[in-house]
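So that you can tell them apart, the chains are marked A, B, C and D in the order they are listed, and the count of residues begins at 1 in each.
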Amino acid sequence: MRDWKATVRSILDGDHPRFGRPVLFLIYAFIIVSVLSIGFETLPDLPPWARAAFTIEEIVVVAFFTMEYLLRIASAERPLRYVGSLFGIVDLLAILPFYLSLGLDLRSLRTLRLLRVFRLLKLTRYNDAADRFAEAWRATREELVVFFAAAIIVLYLCSIGIYYFEHDAQPEAFSSVFDSMWWAAVTLTTVGYGDVYPITTGGRIFTVVVLFVGLGAIAVPTGIVGAALARMRRPGDPEA
Amino acid sequence: MRDWKATVRSILDGDHPRFGRPVLFLIYAFIIVSVLSIGFETLPDLPPWARAAFTIEEIVVVAFFTMEYLLRIASAERPLRYVGSLFGIVDLLAILPFYLSLGLDLRSLRTLRLLRVFRLLKLTRYNDAADRFAEAWRATREELVVFFAAAIIVLYLCSIGIYYFEHDAQPEAFSSVFDSMWWAAVTLTTVGYGDVYPITTGGRIFTVVVLFVGLGAIAVPTGIVGAALARMRRPGDPEA
Amino acid sequence: MRDWKATVRSILDGDHPRFGRPVLFLIYAFIIVSVLSIGFETLPDLPPWARAAFTIEEIVVVAFFTMEYLLRIASAERPLRYVGSLFGIVDLLAILPFYLSLGLDLRSLRTLRLLRVFRLLKLTRYNDAADRFAEAWRATREELVVFFAAAIIVLYLCSIGIYYFEHDAQPEAFSSVFDSMWWAAVTLTTVGYGDVYPITTGGRIFTVVVLFVGLGAIAVPTGIVGAALARMRRPGDPEA
Amino acid sequence: MRDWKATVRSILDGDHPRFGRPVLFLIYAFIIVSVLSIGFETLPDLPPWARAAFTIEEIVVVAFFTMEYLLRIASAERPLRYVGSLFGIVDLLAILPFYLSLGLDLRSLRTLRLLRVFRLLKLTRYNDAADRFAEAWRATREELVVFFAAAIIVLYLCSIGIYYFEHDAQPEAFSSVFDSMWWAAVTLTTVGYGDVYPITTGGRIFTVVVLFVGLGAIAVPTGIVGAALARMRRPGDPEA
């Protein structure tokens, strides 16, 4: 009995010498098909046969994922642990909306299936690189939290500042501090759509000062993570 | 008498074993509430009860901050030193506008209370990361000053250049060198709202050259600070 | 016979002591002229004599490249190897469209000649720097692949997200998930043309969150390659 | 006689123990006033007295710079060497337009005076930081040349690409490959004014691909210079 469970587990995890890789690629193929179909279904003017095809594809995908989910529970040494684990919850969320929506319309919940995309990151070949990313994340986590907190404070202060400068001149675009945050975020990230921008002299001087100071505050962490990643490459190497 | 002062100080600084943390979190909560309310008050079409609530909240917050301020003076070993210190001035600026505005309208001065936000940075858990930021700042301060001076010179030269190219074609958008600085700042930071842009061939070629050269001049310090921060992490470590 | 082949090869490769450099610069000149003419031909309102000049220039360039191609085959020790090599294919693609277009119109295929531009990178003086670029690329290839895969996933997830927020408010700009990808790419790279941007509150909050998180995901690899490049400079140097 | 020359030189260079610093600051003040006035003169609707003040200021500045120029020649050990040096030419260009424009209008040439701004960089306190910038520039010069050449090639290739995609749909904005370069430069630097952007599906896909690949090509050198600068700080330090 135990052997049977271990065999199923090794197949589902892609470790089985004979069926491991084919099953793994089958699972990945289903994930990709399932995720891509969420996008393709939104294409306007789809012919009826395409709608029908998507419905069939949906049923096949959910049947496959349900079977995989049940097999994972059945083969797990401690089924409850798998059910409560991150991947267990993700796997359930990928199929649950289908069964719920048989009664009521919960189609948009299907996007939860996107979470399964993260399974793709487990591809063995790029495991080392992914590990280095994770390590760099751990090494710089505290700086990123401090930075993120600082970024939110800067964002809020900028919103209050621009509100006082621009509210009277553009009462619609800068109707409140929270509306001004849209401007602050679009400006500090240098996206600059051009739908809202200051027109008063005071607002413009404020923007220039904020940009020069704020850009540093937002761009710096990039350098931190990059440098940390570069150092991760050869842990024991004095050159690194 | 001394003991009483030391106890109050340790409570206000969050070091007291029993009341330290609760009081600290209370202070932080009041700061956050006070700062957030500055934003929420600007929401248009607030109902009368909300306006009343903000007035009450304002009185409670100022009463709390006033009490804290007076306690800090009373418990300080050298009260005048605290009053003249950075945090002492900030604490005073956070409550002063309220008392002044009882007579005249100084509501906008209340934004000075935002300065108290920096107290939030003293959260102990992220002290190390914040220290590293401060250290990286010290280590790269001179480069940043040189860079900042260079950035302002570049900004000014770009403004003069574009003024000569675009003034005749767009006399309103580029009415003077100082108006052109708005364009220069928005362009060199790559925000690019699209409210002002060159339309002459000469102005466009100038812009392309300036972008390729100027971007480096503005983007480089990011890398400097980032690399310095990365090096800060393990001061005694030859790998760092 | 062998000596003759070796001499021709050394001339074409620019190694010949007497004719090497002149021939090399001649080849480079023809590449640059050929590539620039592709651009100049598109200028509107060209006078007839300019059109004629471009036709003559086209014939001269193709004749020169054909002669070079045939000489390279004739002088190669193993002609088939050259024909099948990357540079052999590029050299053929640079002249083939001309001969094909004598019968049918394949002018746009002439842009394949742009591939010859990469010959320019072989200029000896900057070989070391180019080598370091190549080395840095090799050293960070895996991280870049992981990053690129992550960037595509992020792009896709952002497109689905914004589609659900904005489709009802702007059915034309966000008509499907794939149309939304245009918005996602323009936003995540911070280009922000301003032709499409969210107008709903939900869409704007989603954009702000995505920008702050996504920018890191896209900007980080820059730092990786830069840091790797910096380390490449002095391979045996413990300081590097 | 020699002593007199050496004294004047030490005064002009700011090394004289008594008059060095005052004279140096006087020179800097005149440079700053002269450069700022170029901007202020462009302000529209200047009253007549301001115009008169600028004329007087112009005469005073040129008189001062002329005197300084003559003193530098007179005190130089080898006057011709100073005249032919970079700073000698800059100093001449700063006053020449004034004397030439007594006859004809060469006001715009006055912007050459901006070159004197670079004298400001000689401020002693920030000499070390400026030296490190220069050293980092030398250390990464070759990479930057390779990068710059690659950036121009990428810019040109992108222009040809977008021209083929968008010329038919937007014959005005993309009228030729050289007009398309405006789009390419504004897009690759992520400025994105929004005055030109692709509207065809092909052009948009091309833009997305180009952005993801091209951004790296343009953003990478930033990291190179930053990392090089970080390394410059402590040349003999194994930690650096």
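Operating definition for what follows: a contact is a pair of C-beta atoms (placed from the backbone, for glycine too) under 8 Å apart; a residue touches a chain by one contact, two chains touch by 3 or more.
No experiment lies behind these values; they were computed from the predicted model shown.
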Self-check item: B-D or B-C - the one linked by more C-beta pairs in contact
Solution: B-D
Self-check item: Distance between the centres, which are taken as Cα means, of chain D and chain B, whole angstrom
Solution: 30
Practice problem: Give, as an integer number of Å, the spacing between the C-alpha centres of chain C and chain B. | Solution: 43
Practice problem: For chain C, jot down the residues that touch at least 2 other chains. | Solution: 190-194, 219, 221-223, 226-227, 231, 238, 240
Practice problem: Sort the chain contact graph into one of these: line, ring, star, complete or other. | Solution: complete
Practice problem: Give every residue of chain C touching chain B within the complex, in rising order. | Solution: 190-194, 223, 226-227
Exercise. Write out the stretch or stretches of chain D touching chain C in their complex.
Key: 139, 142-143, 145-146, 149-150, 153, 156-157, 159-160, 163-164, 167, 175-178, 187, 190-194, 197, 204, 207-208, 211-212, 215-216, 219-224, 226-228, 231, 235, 238, 240
Quiz item: Which residues of chain C touch chain D in their complex?
Solution: 35, 38-40, 42-44, 108, 111, 114, 117, 120-121, 126, 128-130, 132-133, 148, 151, 181-182, 185-186, 189-195, 218-219, 221-223, 225-227, 229-231, 233, 238-240
